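There are structures below to look over.
Heads up, the next two complexes both have subunit A, just with different partners, subunit B and then subunit C.
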Partner chain A sequence: MKRLLSSIRDGNGFDIVLVAFPLGFLFLMAGLPLLYNILMSFQEVDMFSLGTFLRPFVGFKNYQDLFAQPETWPILGNTAIFVIGSIAGQFLIGFGLALFFWVNFPGASWLRGLFLVSWVMPGLVVGAIWNWILSGDFGVLNFMLRETGIISGNIFWRSDPNYSLYAVIIANVWLGTAFNMILLSVGLASIPGDLYEAAELDGANAWQRFWTITLPMMRSTIGAIISLGLIFTLQQFDLFAAITSGGPNNSSNVTQYWAWDLSFRQYDFAKGATISVIMIVFVMFASVVYVRSTRHEVRG
Partner chain B sequence: MSDTNRNRLMLVIALIMAAIYLFPLYWMYITALKSGSEMFATPPSFWPSEPQWATYAFVWESRGMGRYLWNSLVIAFGSVTLITVLGVGCAYVLARYRNVWVDIGLFLILMLQVLPASLMITPIFVGFSQLGMLNYPRLAVIIAIAAKSMPFFVVLVRATFMAVPQELEEAALVDGNSRVGAFFNIVLPLARNGILVSAILIFMQAFGEFVYSKSIIQAVELQPASVGLNSFMGPNTNEWNNIMAYATIYVTPILAIFVLLQRRIVSGLTSGAIK
Partner chain C sequence: MEDVGRQDNHKEEIMGIRKYAVIGAMALAGVSMFGLSAKAEDVKLTVWSLDRDIQPAPHLVADFNKLNNGIQIEYRQIQFDDVVSEAMRAYSTGQAPDIIAIDNPEHALFSSRGAFLDLTDMISKSTVIKPENYFPGPLKSVEWDGKYYGVPKATNTIALYYNKDMFKAKGLDPNKPPQTWDELVEDARKLTDPAANVYGLAFSAKANEEGTFQFLPWAQMGGGSYENINSEGAVKALTVWKTIMDEKLASPDSLTRGQWDSTGTFNSGNAAMAISGPWELDRMSQEAKFDWGVALLPVPQEGAERSSAMGDFNWAIFASTKHPEEAFKALEYFASQDDKMFKNYGQLPARSDISIPETGHALKDAGLKVFLEQLKYAKPRGPHPEWPKISKAIQDAIQAALTGQSSPKDALDQAAEKIKAVLG
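Entry: the complex of A and B
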């Protein structure tokens, strides 16, 4: 006992104690729910069996039922559009801004940091603001588009099934662009400047320098940012809750919102768990890509 | 073109881009000051003709915002405390050693960081209801947020500990400090700033958290401001000036903290997520 105490005070026991509690906590509160989720996706769960662990097993019935539902494939398609649209918008605008702020001028780094306010704001507030901006009759975005002659009639962003998903994508692009830009700026700053000097001496123009130096040197950063973008867009929930609630008629519903909707609006916890399992497999795949592309830095 | 002129031109373009990007924020502040009829004017006014400052007091009273914000603070402080107490030691050990176990631990932590809250809430809710945790809804939310955000915190703080020279700790051990003494007297004070910035980032996240609070907390008097804002926005609402006033009151403290500590937050964030 004495040896144990002295090891904790002054030996490896100290490290083990420090690391055991957080890992134990994470296992209990994140690892076990993950396993429980998989278990529930194979069970029949309703309001009466909510309080017990031993529910009737149904095999793959939840999965079969899920894919027999008519809305499943459209919602999976929406998720793909949402992810691709959001990542493309965030990345391209973010990269453009990062390249612009890369040119050093007084105040550049401070102004660049200011963009990040979109990322630290609560998602619900971002959603509320965009809900109002995108409003059909009185929204300021419709007004600006009308004034510049891009559209002739109002677009009902939130209630038109053709546009509702894009309403959320616009808000999500705004929310995530700054984060992309900051990370891309860090990547740009780490490219050694003498590469450009050498290329300039050899007569390469700006366009050639971008394609032959900037892009290849940024490859691992870009890989990490795209996979981080995938992870973050699949986590995006607040904007759906604040702007469209997945409607109208599931036209802007995505899996991460649908899973919650099934569990907490329709009380079909088994279906909610089933979608969660499918999506978590996707997210895990993205995170393996992310971990691989940042491995060298993380290990330091 | 001379250098100063070029710098001025770049600064002007940058200011214009920042203005465009931050327009939604401006629109929130402006709408909150408009009257009910001015809000729906066509064309919309970009500067309120008669600022309605009374809207703030009205919304604060009628929506019971004091209670909502108090709950948000309780949840945010609770989760930051729990995360800091558990996460700092974990980050320290993961920074101090380099072996296969540390790699495995880091990998698991990075994997946990990516699980979407809206997918994890189903098993967490069912599990908590079986354990009777739903009788203490705010505590349940704090624990759920801690499990969600701790991996991010550990990754950020680990980067801070990596920057503390190990020789300093070794010197303290040679001078007769125990491991515990060296950790609390030497390593922690040196890493204090990084820990603080990471805690502030986690605090801002937890202050705006929505999914867990919405699903777990049923009693209105225990709900945080994010859930309050959600129930304020019905499907066919037209009180946008009041909603924007609510959003303003909710978000301005966070924005103030961010603008004040901007440099530190940005550098802390970038050191952890990516190099």
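Entry: the complex of A and C
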């Protein structure tokens, strides 16, 4: 007993306590719900059996039924377009802004801080505002595009199946750009200035300096940002709820919204869980990339 | 309750007084801090409903709290889209409110599974709530297995609003609103004026219950029903809708906009006609700066059977409540205020024993007459415990057809197949 106590105070026991505490927390807060979700995807669940664990097992029936539905593949495709489009937009604009503020003109850091306002806003508020901007008949975006002569007739961003998904992507790019910019700014600031001085002395032009110093030095930051971006875009739900509700006719539906729709609008909790399990696989992949790229960062 | 604490023992009495003094001080502090007037020993009830500040529920709750009868109600507003999912989540985790206002087609889902309290006995003893005073349609929606699981909160239906000034401006007779589907499309064509930002018609084909609510009457007028959604008349109805959308006689945003927002465009003069319910009368009489009227929903051809939707919410008490008696008392109070519902909030009580007095607002009173006439043809949706799935099949069909991704016939055939699977 005494040995155990002293080991906890000073020794292996202390290490174990340190590890066990966050592990236990993670297991309770993330592990259990995750396992419960996987369990549900193999069961037959309805709204009134939600409170129990022991529900009839149906094997892979939920998965088979899901992929037999005609809307499944289009929705998975939409999710891919949404994730790639959002990450590309957020990253490119964010990187551009980060490089712009890196020039460090008077008030640069101040302005950069102001950009964060968009990131701080709740998704539903952002969604409601974009809902007005993208409105077909009286939307600001249509007005601007019309006045500048880019379009002649109104685009029904929310209600035209050809545009609805892109309407949400536009809003999501706006929402996530600032976060990308801040992380990339931090990455840029950590590149030692003497590298650039040396390169300049050797006669490297701005473009060469960007390709041979900035990008390689930013590798771990970029890896982290893109995997975080994947996680954040797969989480993005509010904008869909506020702008298109996944419609019309599922043209802007993505897995995360669909999982909610199945669970809480059609009360098909098992299928909702099944979709979530499929999403977990992708998020796991992103997490591995994220952990690997940040580990690289620590080693320097 | 207070009597229980009053004992012969002197010491205890002093302690009791002291206790009450402390509670009183705390309550006072509570009043000054939060502006609440709840007494410590009050029974607390929670009521969830979708009514916003200009609608009945928050006012009924506030008035009830002013009675100071030992029951205090806390009100929470929930969005139309979230009523069932919130309620279900709360019920399955044991945090359900005591009272909820639930959309009538979803009532059966809860009562069939025992989530709502059986009120049959309480109603039979009640002097305020009497089944014979209610319209049969709304009353049927709170019934399950011959028992009452709720009380109709209000009722409504949909009809056609039209802008008489615009009718005049386009050379149409403002006293002859369209009577048939063909006339409706014809008039909408004449009234649509893209240069002036005016659409002929505003309605909602949104992919939620509102879309079903608006479409089902059309299908029923054409001889269809939810069990028979791909009948010839229903296909014709959806084809008419498609014509309206394809020719841009209604805003393409009708696909993602609810009835309230759609009718908002009518009030602001951006649509010449609108299909919506009596809940619009109040707002319209304040906002619309033109002469308007209400007409019965157009029918497929002259002399065809009329139909309309039957909407609005029912009050129900969750089976998990700790205070069933008090909750029923609250419902009795709500029902006792039914006679003021139209005058104050423009909603129709589901009661046949109340004759609605004139409000003095000519357009509103004229509109009301049409809605009361239309109510005679209103048919409930379901009741069926799996209504959300049936409704979803109908919504999918509407959206698939209107976005041009399948023909009205194919879309409704697919819906019929899905509904057949649900009905078993």
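Operating definition for what follows: the second predicted complex is superposed on the first by the 265 of 300 C-alpha atoms of A that agree within 3 Å, B and C clash if a C-alpha of one lies under 4 Å from a C-alpha of the other, contacts with A are read in each partner's own complex, and residues count from 1 in each chain.
We adopt the following convention: a contact is a pair of C-beta atoms (placed from the backbone, for glycine too) under 8 Å apart; a residue touches a chain by one contact, two chains touch by 3 or more.
The shown structure was predicted, so the numbers you read here are calculated from the model rather than taken from an experiment.
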When subunit B and subunit C are modelled together on subunit A, clash or fit: clash
Touching partner for A:Arg292 - first (subunit B), second (subunit C), both, neither: neither
Which of subunit B and subunit C A:Arg219 touches, first, second, both or neither: neither
Dominant contact partner of subunit A by residue count, subunit C or subunit B: B
Which of subunit B and subunit C A:Pro248 touches, first, second, both or neither: second
Touched partner set for A:Asp160, first subunit B, second subunit C, both or neither: second
Subunit B versus subunit C as contact partner of A:Arg265, first or second or both or neither: second
Overlap of subunit C and subunit B interfaces on subunit A (superposed complexes): 50-51, 135, 137-138, 245, 264
Of all residues in subunit A, those that touch subunit C in their complex: 47-48, 50-51, 135-138, 156, 158-161, 164, 244-249, 251, 264-267
Subunit B - residues contacting subunit A, complex: 6-7, 10-11, 13-15, 17-18, 21-22, 24-25, 27-28, 31, 39-40, 42-44, 86-87, 89-90, 92-94, 96-98, 103, 105-127, 129-130, 143-144, 146-148, 150-151, 154-155, 159, 162, 178-180, 183, 201, 204, 207-211, 214-215, 225-226, 229-230, 233, 235, 240, 243-244, 247, 250-251, 254-255, 258-259, 262-263, 265-266, 269-270, 273-275
Footprint of subunit B on subunit A - complex, ascending: 9-11, 14-15, 17-19, 21-23, 25-26, 29-34, 36-37, 40, 45, 50-53, 97, 100-101, 103, 105-111, 113-118, 120-126, 128-133, 135, 137-138, 140, 143, 147, 174, 177-178, 182-183, 186-187, 190, 221, 224-225, 228, 231, 234-235, 237-238, 241-242, 245, 256-257, 259-260, 263-264, 269, 272-273, 275-276, 279-280, 283-284, 286-287, 290-291, 294, 297-300
Subunit A-facing residues of subunit C, complex: 81, 84-85, 88-89, 92-94, 113, 115, 197, 206-208, 251-256, 265, 270, 388-389, 392, 396, 399-400, 402-403, 405
